[in-house]
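Some structures to go through are shown next.
Two complexes, one shared chain (subunit A), two partners (subunit B, subunit C).
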Partner chain A sequence: MPRSHRILYAALLILGLLAPLVAYPIFLMKALCFALFASAFNLLIGFTGLLSFGHAMFLGSAGYICGHAIKVLGWPTEFAILAGVAASALIGYVVGTLAIRRQGIYFAMITLAFSQMLYFIFLQMPFTGGEDGLQGIPRRHLFGFIDLDDDLTMYYVVFAITLAGFWMIYRTIHSPFGQVLKAIRENEARALSLGYDVDRYKLLAFVLSAALSGLAGATKALVFKFETLTDVHWHMSGEVVLMTLLGGMGTILGPTVGALIVVTLQNYLASLEGWVTVITGAIFVLCVLAFRRGVVGEIAARIKG
Partner chain B sequence: MTELFGIPIQAFLSQILLGLVNGSFYAMLSLGLAVIFGLLNIVNFAHGTFYMLGAFGAWMLLAYAGLNYWFALVLAPLLVGAFGVLIEKTMLRWLYKLDHLYGLLLTFGLALILEGLFRQQFGVSGQPYQVPEALKGATNLGFMFLPNYRAWVVIASLVVCLLTWYVIEKTKLGAYLRAGTENPQLTQAFGVNVPRMVTLTYAFGVALAGFAGGLAAPIIQINPLMGSNIIIIVFAVVVIGGMGSILGSILTGLSLGVIEGLTKVLYPEASSTVVFLIMALVLLVRPAGLFGKEK
Partner chain C sequence: MKRQLLSALVASAFALAPVAMAQPKPAAVGKFSDGIVKIGVLTDMSGLYSDLGGQGSFIAAQMAVADFGNQLGNVKIEVVSADHQNNAETGANRMREWFDRQQVDMVTDLLNSAVGIATAKVANEKKRLAINVGAGSTRITNEDCNPHTIHYAYDTYALGYGTGKAIVKTGGDTWFFLTADYAFGHSLEKDTADVVKANGGKVLGQVRHPLNAADFSSFLLQAQSSKAKIIGLANAGGDTINAIKAANEFGITKNQNLAGLLVFITDIHSLGLNTAQGMLLTDGFYWDMDDKTRAFSKRFFEKAKKMPSMVHAGVYSATMNYLKAVKAAGTDDAATVVATLKKSNVDDFFLRNGKLREDGRMIHDMYLMQVKKQADSKYPWDYYTLKATIPAAEAFQPMSASRCPMVKK
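Take a look at the complex of A and B:
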């Protein structure tokens, strides 16, 4: 890791540790969950070249499973989170196996369709509470002794979880496996002709991204103490695309920056209700037409150029 | 009364008809998507939104201009098509050299903007629209009552779809279009104005969606969310059928509508997911789609 990067990451770490001094923990936790979610999504679009338009299914499924495990089955917090992650990874495996059978833009349509199917399933299943959602999810104690009902304690736990997720993504990208993923993004046919089992690599990246999105979803359900259909709706799948696009696809910090911007924006625009959709759409159009590198990509290009 | 699986035949027939009606919309929308994708290489997420615009267009023409159904059925698609020209000229034009995904993302943004604007203006409760006088009532076929309007929807859509097929596969204009899809540079070199053809193709594709919306207006609740609700199903239809064949698109759209209708009688819980399940099955058995050619 170059020195300038190390300084940057250290500064961000300190910023994250001190952030609760200036901002509400709930808001920060929401931002962190979405930062992890968007970074997990970026692992696919930015580093493998796969556009999933159904990532909400992983966020929401993990939230429901984690919430159900802790509230109804009475599981300890850490196992409930793991259950959520495992559920998302499993769904990722099934959907991924089917979706990678088609190339290019079909992949986006297939993932969108499957996520809509899961939306309908969650709408009908009794354990999700349908339109009302799963309410009153307890946070309990992490490892039996860390009381999570205190928002500040919860913040540092969420911060640690997010860091662990980021670390995994960082290691993946910089591993030989990550290099093969990049090769697939740049030229799939060539990667195939070099003897790489492209489908297996894609599937593994998809499952990894699904599991990490699940980690974000399970954590988010505990932060807010409820889980609703909003998290499995296709709007959410669009939102994570927007965060990544706005921050910078294929950059390490881009999704986090994008998530921060979008979450902050939603916070300030909450009173505008219906207009939020219009504004979100407008940002999409602007990004695609004039700002395809995103915030971080643009800054990186300036520094290099 | 005759029964099948303990359910009256009547119920089956009426659900098949309803399924055919929905299938006609799937067919028209997936046809437009396929034509646009073929030439522009853009997956038009806003396609459902144009369908919604067609329905609202018909409603607004009546409410604000006093124009009846028949005028609306012609005017609404034209207006939607004109709007499509505007979108293509000002935005999509810049994306042709980029990766597919940007076209999808831009049209997704457009869909959000339009859906949001209409929601602000009209809410989500839905606007009613009367069935035109000439098509009210039902015809007694002896074994069932056939609502005239629904029959008209199926017939009109079929005619429009087959006409599209004829124009693209059997006429000179269609030959240009197919040549442009195959190799735009070469087609341009032969003196065909490809950029104009691209604009008109997009306009035609979305006008088709607008026409479907106009046809749907009297039998659905016209609301801003109708577009995104249908487009995801249409995506699944396109994955099942493959975008390679026009007749394939029509056939896939209609049969999935019918299957969905039958599921409503046999196992209502699965009616919202059956299309996606079929998609999963097709991906397992024939990954390229029923009528698709893998590139």
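Take a look at the complex of A and C:
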């Protein structure tokens, strides 16, 4: 890791640790969950070149499974989160196996179709509470002794989970496996001709991205103490695409910045009433027209250039 | 190195942006927390429910505060509003922040069931008050009931039950249901079917349609061939509107009557009387019922440019009665205010024979309405004829059927 990057990451780490002292912890936790979700998505679109339009299914499924495990089955928090992640990974495996056989728009459509199927399943299943949502998920103890009911404690737990997720993404991107993914993104035919089993790599990236999205979803359900259909709706799949594009596709910090911008807009424009959608829309249009590479991508390009 | 430092600075600036916007304010202690009584209107300002709630709810709350005199002794009363975008997270998060950082004491409207239930939990956690006017789910006063939440205007039980019972009594004894195929639709259908049967009516059948169905023709033809006198629409919003339009195009409304189980006056306004005429529905409020409702509604119309829906009138009434209870109790502490409200019988232009029950349900008279024919409508918004008044005691789910853990049996 270059020295400058180390300084940057250290600064961000300190910032993350100090943030809840000034800002509202629940808001920060929401931002962190979405940052992880967008980064997991970026692993697929930014580093493998696969545009999934159904990532909400991983976020939401993990949230529902984790919430149900805690609330109804009474599982310990850590196992419930793992169950959510496992469920998302499994769904990712099934959907991925079928979707990676096609490319481009067809790939996106297959993922969208599956995510819509899951949406309707969650709408109908009795345990999800339909449009009322799965409500009142208790925050108990993590590992039996960390009391999650306190917002500040919960924040540091979420921060740790997000960091673990980021670390995993960082390691993946900088591993030989990550190099192969980038090769596939740049030129799939060439990667294939070099003897790489492209489909296996793509599937693995897909499952990894699904599992990390699941981690974000399970954590988010715990933060808000409920899980609703919003998280499996196709709007959410679109939102994560926007976050990634806005922040900078294929950059490490881009999705985080994008998620932060989108979540901040949603949260702080809420008091502007009917103008929320108009203003967010205008900002998106402006960003896409003015910063093609996304906020972080644009800054990185300036520094290099 | 300079450039790298710059990049670090820029990144931290981004990370700090939300921090700067969320400075906490110091809290004061006293009988009125923070020396101010603050009311939040949390609703859908931009989406599909913004017509029946939205800006109108904010206006209604402001009107109530102004009518109350903007002040309680020397304590100021303030109203704030926000758009929850029909997203439970945005709603719950906003409400938490209102309670934690902006001295809000009571939040109202709260339409949309998912938002309604999520925010009820927040109110209970923070020991402040949620007066839900806009959401329909009966879960708010059953499984998810809590001592800091009041369900004020209506619920799906009251709408389905009121319509079902009253229609059977007036001769509509054979029913066919057109049901949205998910939990809400199923429960609306079941509640209504039960009351139809209990009153000697017959359910000839039902057909389930997917949520947001585009084409109702096959479902409606089944409803038509059932020869049932009443077609019960156990769905909501766009589905109800599409079903009514299609029923009209097929000429079904000539021989059979539609019963809208969740229809607001704003829906009728956008459908037009030609399409909606003859339909039976239950409502908790109609602007043109008597002098008291007209007096409020005309003032509301001046400001909002439309007649108030049940939600708008409910928000006004909820805010007003909340402020009265705060005054009577001499504090804005939620538990004390709720206790004060439970003790008193409430009666105003909106609540007739109002009584706050143990489970948080505000019961009051409901009305069975029939949508007028175009020819009978004499002036703008002259839409309903009152067919029957459903007394408060039977309009809502009886306490004996309560699934609320707070209710001692």
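The rule we apply is simple: the second predicted complex is superposed on the first by the 285 of 305 C-alpha atoms of A that agree within 3 Å, B and C clash if a C-alpha of one lies under 4 Å from a C-alpha of the other, contacts with A are read in each partner's own complex, and residues count from 1 in each chain.
What we mean here is this: contacts are C-beta pairs under 8 Å (C-beta built on N, C-alpha and C of every residue); 3 or more make two chains touch, one makes a residue touch a chain.
What you see is a predicted model; the values in this text were computed from it and never measured.
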Scan A:264 for contacts with subunit B and subunit C and give back first, second, both or neither. second
As a test of reading the superposition: which chain, subunit B or subunit C, is in touch with more residues of subunit A? C
For A:277, is the partner it touches subunit B (first), subunit C (second), both, or none of the two (neither)? both
Go through the superposed model and pick first if A:113 touches only subunit B, second if only subunit C, both, or neither. first
Now for A:193: first (subunit B), second (subunit C), both, or neither, which partner does it touch? neither
For A:124, is the partner it touches subunit B (first), subunit C (second), both, or none of the two (neither)? both
Just checking: does A:175 make contact with subunit B only, subunit C only, both, or neither of them? Give me first, second, both or neither. neither
Show me the subunit A residues, by the header's touch rule, that subunit B contacts in one structure and subunit C contacts in the other. 120, 124, 274, 276-277
Under the stated contact criterion, what part of subunit B meets subunit A in this complex? 37, 43, 91, 94-95, 98, 100-102, 104-106, 108-117, 119-120, 228, 232-233, 235-236, 238-239, 269, 272-273, 276-277, 279-280, 283-284, 287-289, 294-295
Inside the complex, what are the residues of subunit A that reach subunit C? 4, 7-8, 11-12, 15-16, 19, 22-24, 26-28, 30-31, 120, 123-124, 126, 129-133, 135-136, 224-226, 228-230, 253, 257, 260-261, 263-264, 266-268, 270-274, 276-277, 295-296, 299-300, 303
Can you list the subunit A residues touching subunit B in their complex? 45, 51, 53, 98-99, 101-106, 108-110, 112-114, 116-117, 120-121, 124, 234, 238, 241, 245, 274-278, 280-285, 287-289, 292
For subunit C, which residues count as touching subunit A in their complex? 1, 3-8, 10-12, 14-19, 21-23, 45-46, 50, 54-55, 58, 80-85, 87-90, 92-94, 96-97, 100-101, 113-114, 117-118, 121, 137, 139, 144, 181-184, 210-211
